[in-house]
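As written, the chain order gives the labels A, B, C and D, with residue 1 at the start of each chain.
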Amino acid sequence: MPKHETRLRVRYAETDQMGVVYHANYLVWMEIGRVEYVRSCGFNYKDLETLEGILLSVVDVQCRYLYPARYDEEVVVRTEMVRSNPRMVEFGYEIRHAEPDRLLASGSTRHIWLNRNMRPSRLPEKYHDFLLRA
Amino acid sequence: MPKHETRLRVRYAETDQMGVVYHANYLVWMEIGRVEYVRSCGFNYKDLETLEGILLSVVDVQCRYLYPARYDEEVVVRTEMVRSNPRMVEFGYEIRHAEPDRLLASGSTRHIWLNRNMRPSRLPEKYHDFLLRA
Amino acid sequence: MPKHETRLRVRYAETDQMGVVYHANYLVWMEIGRVEYVRSCGFNYKDLETLEGILLSVVDVQCRYLYPARYDEEVVVRTEMVRSNPRMVEFGYEIRHAEPDRLLASGSTRHIWLNRNMRPSRLPEKYHDFLLRA
Amino acid sequence: MPKHETRLRVRYAETDQMGVVYHANYLVWMEIGRVEYVRSCGFNYKDLETLEGILLSVVDVQCRYLYPARYDEEVVVRTEMVRSNPRMVEFGYEIRHAEPDRLLASGSTRHIWLNRNMRPSRLPEKYHDFLLRA
């Protein structure tokens, strides 16, 4: 599976008084990146929650900030699945300024699948072809 | 029931690049105000959700902004129940700078009770003494 | 100036434990609506801040909630300028579910122009043709 | 300098539809932790920004999530300064459920000092005694 790109525009609400994007919002952008990554694999993360009753819970986050993103800029979130098995998934991200192209931040998130009772679970087999990385 | 006051300190995350608190965050502060109002009546809003299966859903919000709140300032949220019956509740709020005392914003929220299926519901009778305004 | 429409997809971060979008986020969507409205008039709100040193400060917000928006749904923000003069602007909004089309919420915001010292100011004349409603 | 503890109560706005706190909000709590840490050293981070014109910019964040925090729970943020020199600071955090005591998450943030032009800068010498770790 190649890297997947999704674009977004920085919201006023995402800035802070430093005049740049508040750092916690990059984690929200990573979430958008992985949801769109899953969508590009042919199905919705939402269906996993509502139809299959499994949740993708974040167990680890890391982000390195190189240049600040600013209000109204167009930002590209480049997402790839780094590792996966039926119990866990790891995504890597690059957050880039669209034009001119420039790396703003890079990060990763690690997840486990949980069932509705918030207990560790497994990704159902029918999704393995789509979501398990060779 | 007299007005209830709760205090909070402005978070960096709540500011925007204008150098003041982003306006949508006042709604979050109102929510803190009404939760603490309910707590001051002798029980938890959380229990209403988990034990009684009823939710207090917002149907209307209004806020007027007079002076901006700034990072690290202490803010007082003064909450009162303006109207209530078993089907709806209306709260009024004043958001004030703590010292010197100054009105920053005033607003109101109107709510209906919903059950777990998101259908209009009624506040159980045992709470009427606490939460229904004479 | 006709109504302007902009689309967005509900983020996971925008939901709360009620399983629907947290009500304060509708104000963020209104902000996106008016920024895109201004862009459709031929210039950037960002430039007003950085080049002209004037800010569009919110003085009043009102929102009525009819149906909840949910995670991953596509939402349309329909924005129109209701009133304006060189000192103030008022916007009206409809927030609709994209498909099937359904009104989720309606609201309005009133703004005044401030200069960099957060004092009331006037919209520079060269923008009047674009941003003042006949 | 010993560890510093600050308490907060989980806001409804901080939950997501999983029924627990949205993971990005732990970064906001870490920010509260380090601001209160600085305050416990005898001065305000706010003054550093407004009087000295220096900003504490985040360059790296890491967080590991063990147990979810839930609405209305009291949470303790335990903050310590792990490393520091006139150009950078590193904080470590434990985010704990208050009662019963339980570790919910642990993390760290690394920061550099920036001047008003967003260029790397140095912490003024008069603060070294307070903010530089032996």
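The rule we apply is simple: contacts are C-beta pairs under 8 Å (C-beta built on N, C-alpha and C of every residue); 3 or more make two chains touch, one makes a residue touch a chain.
Note that the coordinates shown come from a computational prediction; the quantities given were computed from them, not determined experimentally.
Student: Compared with subunit B, which chain's mean CA position is the farthest off?
Tutor: Checked the centroid distances; the maximum from subunit B is A.
Student: Considering A-D alongside A-B, which chain pair is linked by more C-beta pairs in contact?
Tutor: Looking at contacts between chains, A-D has the larger number.
Student: Between subunit A and subunit D, tell me the centre distance in angstrom, where each centre is the average of that chain's C-alpha atoms.
Tutor: The mean C-alpha positions of subunit A and subunit D differ by 24 Å.
Student: Express in whole angstrom the distance between the two chain centres, defined as the mean CA positions of subunit B and subunit D.
Tutor: 27
Student: Quick check: how many Å separate the C-alpha centres of subunit A and subunit B?
Tutor: One centre to the other, that is 33 Å.
Student: Do you know which subunit C residues sit against two or more other chains?
Tutor: 12-13, 18, 20, 24, 28, 31, 71
Student: Name the shape of the chain contact graph, picking from line, ring, star, complete and other.
Tutor: Here the contact pattern is complete, since every chain touches every other one.
Student: Within their complex, state which residues of subunit C touch subunit D.
Tutor: Touch residues, subunit C against subunit D: 12-13, 15-20, 22, 24, 71.
Student: Of all residues in subunit D, which touch subunit A in the complex?
Tutor: Answer in residue numbers: 17-18, 20, 23-25, 27-28, 31, 49, 55, 57-65, 68, 118.
Student: Using the touch definition from the top, list the residues of subunit C that touch subunit A in their complex.
Tutor: Within the complex, subunit C contacts subunit A at residues 11-13, 28, 31-32, 35, 44-46, 71-72.
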